[in-house]
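Pasting the structures in now, so scroll down.
Shared between the two complexes below is chain A, which pairs with chain B and chain C, respectively.
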Partner chain A sequence: MVGWLFVAPALVMYGLFVLQPLVLTVQYSLYRWDGVGPATFVGLANYADVVSEPRLIETLFNAFRLVIFFSLIPVTLGLVTAAIIQRVARGWLGTVSRTVLFLPQVIPLVAAGIIWGRLLSLQGLVNELLTAIGLGGVTRAWLGDFDFALPAVGVIGIWVLLGFCTVLLLTGMAKVDPALYESARLDGAGWFAEFRSITVPSLRYEVGVCVTVTVIAALATFDIVYVSTGGGPGNATAVPGIQIYILAFLERQVGLASALAVVLIVLVLLVILPIQRLTRGDA
Partner chain B sequence: MRVSRSELFAGRAVLLVLVAITVLPFISIFTTALHPSGDVPPGLDWPADPQWGNFLEAFRVANMTSLLVSSVFIVLAVVPISLVISTMAGFGIGLLRIPGARWLLLLFIFGLTLPFEGIITPLYFLARSMGILNTRLAIVLPLIGLFMPFAVFWMRAHFVNMPNEISEAARVDGASTWDLFWRIHVPLAMAPIASLGILMSVWAWNQFLLALVLVEDPSQRTMAGALGAFQGHYATDIPLLSAGTIVILLPTLLLFIVFQRQVISALLQGSVKG
Partner chain C sequence: MVTTGMDRTRAPRRAGPLAVLALLVAACASPGAVTQAPTTAPTTAPTTAPASGEAPSGSAAAPSESAAAAGPNCGTDPVTLNAYFETGFDLPFKLSDEFTKQFPNVKWDIKQDQFTNLMSSTPRLLSGDNAPDLIRLPSMVSLVKDGLLKNLDEYVTAFGWDKFPPAQLAQNRVAADGTRGSGSLYAAGLNYSLTGVFYSKKLAQQIGMTQPPTTVDEFEALLAKAKAANLLPIMAWNATASGGGLAFPLQNLMAAYGPTDPINDWIFQKPGATIDTPTNLTAAQHLEQWVKSGYFPKDVNAIEYTDANARFGKGEGVFMFNGDWQDAGYDKDQPQGVGFFVFPPSQSGGKVAAMSAPLTYGIAAKAKNADCAASFLNWVATNEKAREIDVAVGGSNPGGPPDLPVPPAAAGSVINETLAAGAQVGKDNGAMDFIANATGSIFAQGWTPELQSLVGGKEDAAGLLKAVQAEYEKELSR
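Up next, the complex of A and B:
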């Protein structure tokens, strides 16, 4: 019984400030409520709205599009970068690049959003560089462009997450048995064959962690979008987090916001569980 | 490992490009901050007459002194309490193996996948009914709760790997469960506790959503929350906004450069365990 007393304080805080609001979210989602007056029970009507109203369902599509930028690209590029550091930069260059690449991971995402808001603006560095290499024709206010705003937000995500993936994968690579590489060399394998048949498979677990963390970051993104675009232009970069915030605190549609929140929570679980099974299954 | 000269060259070139891409945004925001207030300068341009005063001005209008006090207060309230109660829970679940430990662990792990915005709406109404809305407590209390899944998971991973002999020896000497925890196991757990402390400090400092929703006055917020408000006020004055961003970033950057080894290894262990 004494053991429970050790767990109790943590459980109480978790229960009060995470589990209780979680239950309340589900409860709110069944009501129409403006946050002040009386609430009306509406059953699953809010969920019907989430899947039928374009401005709500689109946020979910946007979140999945962001997975490409927040997860697929940083993990792939991180693998390549880590392999490069491992092979050609074991000394000071490796240390310096590791530290520098990691830098965006420790600053607040809000700051990343502000910094890139400036870079991607009409007079920003990105357009300057494009003009310098003769691509002056494609310059634009990237975050204000209906077609390019979402990829532009995605670029911010790559910048933030690449270092994290690189450093994590690098620690995994350090554990791979060098004898594997030696024998591959004897068989005449090139660097790509080596990368594909030794490095990547040995890193299954680390890749799994990278994918899990970055996919959650993509689906649950809020700070970067709030600061850099606010979800615009139109609905182009609206993600569930932003839409929940707008619905609950600006439009006072607490029930609808909560239904979207429940859908988001369930989606994250549905995406993460199979990834965990795949990477831990027989590890 | 033998590496050809051309591969050496190409690999290092790619690396330098990536490092440049990572650093250039910081340099751009720095040169922007040195331009006269109200200008819209080009992306990378050293001004003829650098306005170092912009940093002082940003420090003043961002109310930096009270911001620092507020953020430090939040970190000092959240981190020690979270460390104590999560270490106790990790000990109970991982080492004492209390009945139902498996289920408790699963319950906490479930929280690892939970996006903060999923529960932010009820948190607002909870804080309102508790009368703590717009006070720092509205950030502190939920943040402790939100840190629990990770913190308990982390400490449990340490305790579950402690050999039983240590506890048995202490029991033979007549130690109570509390003595066993406080005198024997906590001193042995200092390394994971320290890493966890670093991690939670960074996360608390950078926490934005809770601050945005639960506290209106920027001077009662976290650093990240205050930066959001600062952007709201000075979005059109790009040099001043840039200077403010740098001023607010500086404490984090300095701490990272001093403690980079610890921060990186803590964040990595954290995610691998997670």
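Up next, the complex of A and C:
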């Protein structure tokens, strides 16, 4: 009973701001509704629209392409970075690099998107650097280029999420029994062998958390994309979040927007649940 | 956005929020591309303050002479108008200050928001308990369908708006079947913007342009000359954040090669209307040719509205398609250095046409002070001082009764050129709404991505029109 009292405030908030909207979204997805006027029940018609419309499907593909940049690269790089910091930079250097890497987490994503928009523009710093090292030929307006806009957005994602992964993995590494490393060294194991045989396996749970959080960040991304490219050029960086926003607030198709949102939720769950099972399993 | 269309709405509106953010970013070190921004964004805030200070409340407030004018008014008792204005545009704030000066019993409770936010929040604001007496309207048809906007027909007769040129009110009329352009009046314009071609006088002279081109061929010859002289022929924006600015030249070309009526019918959602016509194809092919000839900046798909203006202000680009709401900015960047002409017809001596749209304000159906708000709208169109502010601050034609003179702007200002051009367009009956306003999302889902694809070589002129028409039909079928 006392336990329930402690949980109650959080539970009320959770129910009000998470569960209720979730249920309402599912409900709205079954209606044709402009957000104000009368709503018409249409069954699964909105879902049929979502799967039959190439533009909406395309946003899902883009989201999965972003997983490479938002999840795969930050987690891999984060492992390597954390291992390096753990091994060679335990003192003030480690603290500084941890802080620098984690800083993007503190900066509002909207501000980050704008700064990167400037950096990646035709006259931006990125192109200046490329020109300075003799690569003037490849300079372009990265966020306005059909082939490079998505990877460019991905780079912003790496910048944002690398610090998060690194810090989380570093924390996990601190828990690994130093005796393991010692005995491995006695057996003549090098840095890479230690990394592969001790560090990575011990961090299974932390890696699971990193992958989960970053995959969700990739699939459900909105702010970075909205601010840096708005989904353009064409639909090169259009993600479900942007389409949901446009459908709900510009086209005022609340039902269709909700259906896309539900599809997105289901997809996220489908991707996340196996990861959870794999990393938690019988660890 | 419907109405003002592109004008401020689509394009510049978006620019506002980013300008503010850009300022924040600039403060912490990013390179200077955004120096332009400060001129628009911050200026509005202070103007709200004086309103309360100047208005003596209570019985001390003497009704001014003109308060006794015919029609509904604000009475003599203290009244507070609940208003939603658009961040980044001075005009409504200045007008509200002046209104309070003349009618001291009227105070203002002004909230402001970015245009894009207004687009998403207007239905909620209008249907809420404290519905605004006066609100900047981003779009109308769906709001009318939901019964959220006050029908202004009674004021049309009470104030004599029926004597205004009919074209002025047409864009704010919505018929029973949901088409725009005719039917009952649901909004009024604070002023009427005009779009066309701005040019740098210095660069134009450099390529031998002694007078504005009189045909599209002449204009294209000038573009070629500019290119040959290693100048950027046209500065433009086409990034998603600001919306596809190439829609400006495209629609100008459409009106040069075909009649304006079918274009307006399409925007107003008349049954069977199509944008995919032979003359529009000719227009789109010309635009495609301009793209292929390198007449636009090569990074145009990444250029936002404010950046385009900043770069034009620094002398990059001979021409720029834009609207008169940017007049003050051009005057500031290049004093007396910018000229303006209406996009020329295809045949010499043909009629000119231009996108022209009201800066639309409406009244909530549930507004508590509807009469007072309506009298403000009438005052804006007819009061001498209000019309002066309209021209000096807004840069656009104040509209109103045809017999009232349009107050002149400062000598040497490009405003005088846009006002003169507006008269020419009016004479030729060439006013069009903006193709980006046909539906709530045709700009975001149709024009912008398709125009970007045209720039990126992923789409040709014919495909562009087909894709936009398909999106239009799909949206209307929902």
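Basically, the second predicted complex is superposed on the first by the 270 of 283 C-alpha atoms of A that agree within 3 Å, B and C clash if a C-alpha of one lies under 4 Å from a C-alpha of the other, contacts with A are read in each partner's own complex, and residues count from 1 in each chain.
The criterion applied here is as follows: a residue touches a chain if its C-beta (ideal position, glycine included) is under 8 Å from a C-beta of that chain, and two chains touch if they have at least 3 such contacts.
All figures in this text were calculated on a predicted structure; none of them were measured in a lab.
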Query - Partner chain(s) touched by A:G136 [first = chain B, second = chain C, both, neither] - result: neither
Requested in this report: Considering only the touch criterion stated at the top, classify A:L125 as touching first (chain B), second (chain C), both, or neither.
Outcome: both
Report task. Look at the residues of chain A and decide whether chain B or chain C touches more of them. Result -> B
Report task. Kindly classify A:W191 by the partners it touches after superposition: chain B alone (first), chain C alone (second), both, or neither? Result -> first
Query raised in the report: Given the touch rule stated above, what does A:G232 touch, chain B (first), chain C (second), both, or neither?
Result: second
Report task. Please indicate which partner A:L22 is in contact with in the superposed arrangement: first for chain B, second for chain C, both, or neither. Result -> first
Query raised in the report: Is A:G35 touching the first partner chain B, the second partner chain C, both, or neither of them?
Result: both
Report task. Answer with first, second, both or neither: which of chain B and chain C does A:V2 touch in the superposed model? Result -> first
Query raised in the report: In the superposed arrangement, does A:P201 touch chain B (first), chain C (second), both or neither?
Result: neither
Report task. Check chain A for residues that touch chain B in one structure and chain C in the other, and list them. Result -> 35, 110-111, 114-115, 118-119, 123-125, 227, 248-249
Report summary line: Touching chain B in the complex, chain A uses residues 2-7, 9-11, 13-18, 20-22, 24-25, 28, 35, 81, 84-85, 87-89, 93, 96-111, 114-116, 118-119, 123-129, 159, 162-164, 167-168, 171, 178, 181, 185, 191, 205-206, 209-210, 212-213, 216, 219-220, 222-223, 226-227, 240-241, 244-245, 248-249, 254, 257-258, 261-262, 264-265, 268-269, 272
Query raised in the report: If you look only at chain C, which of its residues touch chain A in the complex?
Result: 18, 21-22, 24-25, 30-31, 33, 119-120, 123-124, 127, 142, 145-146, 148, 238-241, 297-303, 439-441, 444-445, 448-450, 452-453, 455-456, 458-459, 475, 478
Query raised in the report: Residues of chain A touching chain C in their complex?
Result: 32, 34-37, 55, 110-111, 114-115, 118-119, 121-125, 140-146, 227, 229-235, 246-253, 256
Report summary line: chain A partner, complex, touching residues on chain B are 1-3, 7-8, 11-12, 14-15, 18-19, 21-26, 28-29, 32, 40-44, 84-86, 88-89, 91-93, 96-98, 104, 107-108, 111, 113-126, 141-142, 144-146, 148-149, 151-152, 177, 181, 202, 205-206, 208-209, 212-213, 223-224, 227-228, 231, 238, 241-242, 245, 248-249, 252-253, 256, 260, 263-264, 267-268, 271-272, 274
